[in-house]
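Two complexes are shown next, each including chain A; its partner changes from chain B in the first to chain C in the second.
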Partner chain A sequence: MNTPIYLTGTGQTRFAEHWDMSIKDLMEESIDSAIESAECTALDIDMVVVANMLGEVASDQAHLGAMAASLLPHHPPALRAEAACASGAVALHTACALLESGKAQTVLVVGVEKMTDIAPGKIAAGLMGAADAQKDAPSGLTFPGIFGLIAARYMHEYSLSRDRLNHVSARHHKNAVSNPFAQFCKEIPAESISASAKVADPLCMLDCSPISDGAASVILSTKFESPIRIAASQLATDTLSIADRPTITSFAATKDAMRAALEEAEIDRTDIGHIELHDCFSIAALISLEDMGFANPGEGIALYEKENKMTINQSGGLKACGHPVAATGIKQVIDVSKQLKESKSRHGLAHNFGGAAATCGIHILSHA
Partner chain B sequence: MRNTPAANHRAQKDLQNKLQEGTILSHTIVRHPPEGFPTKPRVIGLIELEDGSRVTAQLIANCQLPTAIGMKVIPKMRLSRVNAQGLRTYDIAYEVPLQKPVKEEFPGYILALTGPSGVGKTTVSLLLSAKVGNCERVPILTTRKVKEGDQDEYTHVSPEEFLALKNDGKLATFTSIPSRDEKRLYGYRSEDIEKIWKEKKIPVIITEMNLLQGLASHYGRRSILSCGLLPPGKSKRQMLSALLHRLRDRGRDTEQQIEDRLKNAEADLAFFKDRKELFDDLIVNDDVDIVVGQLGGLVLERVKA
Partner chain C sequence: MNTPIYLTGTGQTRFAEHWDMSIKDLMEESIDSAIESAECTALDIDMVVVANMLGEVASDQAHLGAMAASLLPHHPPALRAEAACASGAVALHTACALLESGKAQTVLVVGVEKMTDIAPGKIAAGLMGAADAQKDAPSGLTFPGIFGLIAARYMHEYSLSRDRLNHVSARHHKNAVSNPFAQFCKEIPAESISASAKVADPLCMLDCSPISDGAASVILSTKFESPIRIAASQLATDTLSIADRPTITSFAATKDAMRAALEEAEIDRTDIGHIELHDCFSIAALISLEDMGFANPGEGIALYEKENKMTINQSGGLKACGHPVAATGIKQVIDVSKQLKESKSRHGLAHNFGGAAATCGIHILSHA
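Coming up: the complex of A and B.
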């Protein structure tokens, strides 16, 4: 970072099925609580960046930048960022670029998704927009299907048993019990995971993050200081289709973003005390841990089978908190900041990817 | 997936490239396919094709996880989905080939004559054996009772003997044709056919739909010179009437049996049309000598080639 960027305000709605709330209502609630927690006032916000993927598909609503700006008294300039499930990270990255360039001094970043208004089949088809529409979608694949392929291959290559994989979702649910913003604040025993309905073999329903409504907002500033600072913001990309990659049991974008983020923050991965990683499906958590270098290939599951010094998805992750697509990347940063404030750790990391990690965004937060 | 004609057209540009054999890298069963696809679970695989490129596509086979990884697949054109306007989209799916025992070497040609009762199959086959040097009729194994007027074409066996032969796998093909008073089994012994091949001759076999299909799957379709014999006549009605007269002239059957045979004949005539791929030639039996000449020519042509 050329200039120190501070995380001055954070706010989110509970991730849940909000039948009575629209995109605008969700944004409003999260923006209000972000402003309330910030050092600055609403009028100090110079720009708004909105992250959203499915506005057109699920709510017939585009043009969300202006919609978010209209919730502020002075209608600041606004724009929208979209990169499927990584929209949140891309919006944060955009905000960092605006702040570093001096174009703005205080930026509001809002991630919002409204998913429960349309039928699950339509949402599944809409989410396939994150994959290659001409290569992957015509076969009838869904995102659980893509990760089913990845999981089947991973389990084949590394002889991972279905029973061991159960620990991932079980741990996430256990972590979410104390998180009031989580969609499912409920412990689920490991053996129930593989006993749930099959979605895309070998993945079961409880391996998959749910469909959720929700919004999360942060206020980043170079002007208003706070103890939490963005130490690194990095993006990396890969092919949209998993068929165009040499391997599907490792995500190159995560590796690239991680390398660049550690370099930018000038820290070692052992300095990191908390991570929030993108566990859209249980298998993705293992692959992400391995690609970020916290475990050797094939051994990611070991981190879920014992207690570690570094916390992993203490919030409950996407599995238990819910996964309102574009809000997730921003919610992860909020959770990491909360964890840093509570513990004595200095560094925390948010790992957010879109599609099958075709876009990966990594943010490192540092506590003064 | 909007599934519009233009989007389909673009998506299918690389169809030609997908027409390759490949290996399954991974596979899954999508239990809830997205909107626009049939709702039943869909098996989808990530396939590495022979040229090294990879595709995701539907798999045809009931794969058991995780055993299908590494299996070879072959491309097949399949109906993928139908959109709301009724546009049918076909796409390449990959099939795990069944492990069928494929006869590796080409055993030789068999001349198979198919046709309705009374069309003259037996007469033609007898004449072929007599006049064309390298043809020999294969005796039909049957459990039916000896009847007056049989032209020495059957080898009679008891039903028990027949079943024993069948269970020992000694029959190349067999069928059961029920009649009013008995259940008749017909078949051919592999040993009879292979003996004729050893003498460098072509076996001539009289078949009907089940016998022909059995023979084709036993020796392979390309071993069979399959000819359908049609009664003379421009319409089905005329053909059936020609058969009726011949059966009456033959005087072997009662009027009741003739009626049954004519009913079967209708099915036989339909079979020529429905299973065209099982026949190399359809010949009208107007004059027996011409038919024998034609068949003799066909045999010579094949044997030379």
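Coming up: the complex of A and C.
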């Protein structure tokens, strides 16, 4: 970072099935709460970046930048950023660029998704827009299908048993028990994971993050200081289709973004005390931990079979918190900042990807 | 601009009904052509920003940043920016921020829209996502309807006759005759405009920009110099719904963006030799010229009834070139740069808005 960027305000709705709230209502609740918590007032916000993937599909609503800006008394310049489930991370990256360029001093970043207003089949089709519609979709693949293939290949390559994989979702559910914003604040025993309905062999329902409504907002500023700052903001891209890759049990974009983020923050991975990672499916958590270098290939599961110095998805992750697609990347940053404030660790990391990690965004947060 | 930003490469497809091309094909043709024209190679591109509005609605395709990046050998980090019909402008603004922040030295900006693959009714509904889906859509309003209301009010306030309004589209069609990338390279007599089918009283079919497929790409760089640079990049936002505004015959976002752009470029509006403006509907051209200060309120039509020192939509504008939504803002910049290269004027301006100018982006280009 050329310029210190502070996280001055944070706010989120509960991630849940919000039948009585529109996409605008969700944004409004999280924006109000972020402004409430910030050192600045609404009028200090000089740009707005909205992260959203499914507005057109699920709410007939594009142009969410202007909609979010309309919720502020002075409707500052605004835009929407999208990269499927990594929309939150690319919006944060855009906000950092706006701040570092001097185009803005205080930027509101709102991640929002309203997913429950349309039928599950339509949402699954909309989510498939994160893959290559010409190359991947015609086969009938869905995202659970893609990650089912990835899980099957991973379990074959590394002889991971179905029973051991259960520990990922079980741990995330256990972590969520004390998170009032989580969709499922409920412990689930490991053996129940693989006993749940099969979705895409070998993945079961409880390996998959749910369909959720929710919004999360942060206010980033170069002007208003706060105890937590953004130490690194990095994006990386891989081929859109998994069919074009040499392997499906490792994601190059995560590796690239991680290398660049550690370099930007000038820290080592062992300096990281808290991580929120993108467990859209249980298998993704293991691959991501390995790609970030926290475990050797095939050994990520060991991090779920013991306690570690570094907390992993202490919030409950996508599995238990819910995964309102574009809100997730923003909510991860909020959770990492909370964790840092309550601990002695100096650094935390948010890992957010889109599609089968065709886009990966990594943000490192540090005590200022 | 903190740093000089050069327009080193430009390329576009023809705007047309491309029944044989997908959204990926359109992007690829314009990207290849931009790289071909640039001082740099594909491998020098270190970030990609894609402007797109209707990918999810018309092509079941989100995540277009990664798709565009996949078309380059090294798939650099990428994201998609959206603000309805101003998507091109917000993508350019994002690219400028990435360059000025130092996050990138060379950015590819691709605007793309594939509109003809779905039924006109579905496209009209998708475009209505540029307005407020809760506040504006339930009445049955479409965008021709919104601009019909605006035209009716404008004609009432300023006693503009239907015959005089005809000159806007007629001039744009005349200008397009020599533009090989225009969808309609055809002169249309003024009297034919109001003789065409009524769409939303008082607007007729030939007052409206068409449904189009197309892509336009530019390569912006702080590293590779070129004869043309971006002298200003400004965005402004108004209320999303026209129902929340004190007037509908003037757009505050255009006024705000123009004031800021002239200040950033450190020029006067009389220094501008060429302008490409957002004539989604004929009436929008008049209002925009007035809001930018080139005519007094109600007198914009005079600029279409004589020849001016400043060229207006010499390309043919949205009416005659076609309006593949998010490609328009990029194509305008390409046209202004061509016009500058062929003239003695030092400055040109691209004016691009989304919805009923809920978002407005203005870019000023200058000889380097």
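By definition in this document, the second predicted complex is superposed on the first by the 367 of 368 C-alpha atoms of A that agree within 3 Å, B and C clash if a C-alpha of one lies under 4 Å from a C-alpha of the other, contacts with A are read in each partner's own complex, and residues count from 1 in each chain.
Please note the rule applied: a residue touches a chain if its C-beta (ideal position, glycine included) is under 8 Å from a C-beta of that chain, and two chains touch if they have at least 3 such contacts.
Owing to the predicted nature of the structure, the values given are computational and were not obtained by experimental measurement.
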Tell me the contact category for A:Ser101 with respect to chain B and chain C: first, second, both or neither. second
I'd like to know which partner A:His93 touches here: chain B for first, chain C for second, both or neither. second
I'd like to know which partner A:Pro180 touches here: chain B for first, chain C for second, both or neither. neither
Figure out whether A:His75 sits in contact with chain B (first) or chain C (second), or with both, or with neither. second
So, does A:Ala84 touch the first partner chain B, the second partner chain C, both, or neither? second
A:Met128 in the overlay: touching chain B, chain C, both, or neither? Say first, second, both or neither. both
Which partner does A:Ala66 contact after superposing on A: first (chain B), second (chain C), both, neither? second
Once the structures are superposed on A, label A:Ala137 by its partner contacts, choosing first (chain B), second (chain C), both or neither. both
With both structures superposed, pick whichever of chain B and chain C touches the larger number of chain A residues. C
Shared contact residues on chain A for chain B and chain C? 125, 128, 133-134, 137, 241, 244
Spell out the part of chain B that touches chain A in their complex, as residue ranges. 1, 7, 10-11, 25-37, 42, 44-46, 53-58, 65-66, 69, 80-81, 89, 91
Which bits of chain C are touching chain A when the two form their complex? 2, 22, 24, 48, 53-57, 59-63, 65-67, 69-70, 75-84, 90, 93-94, 96-103, 125-126, 128-134, 137, 234-241, 244, 354-355, 358-359
If we count contacts the way the header does, which residues on chain A are in touch with chain B in the complex? 119-122, 124-125, 128, 133-142, 144-146, 148-153, 155-156, 197-203, 241-245, 248
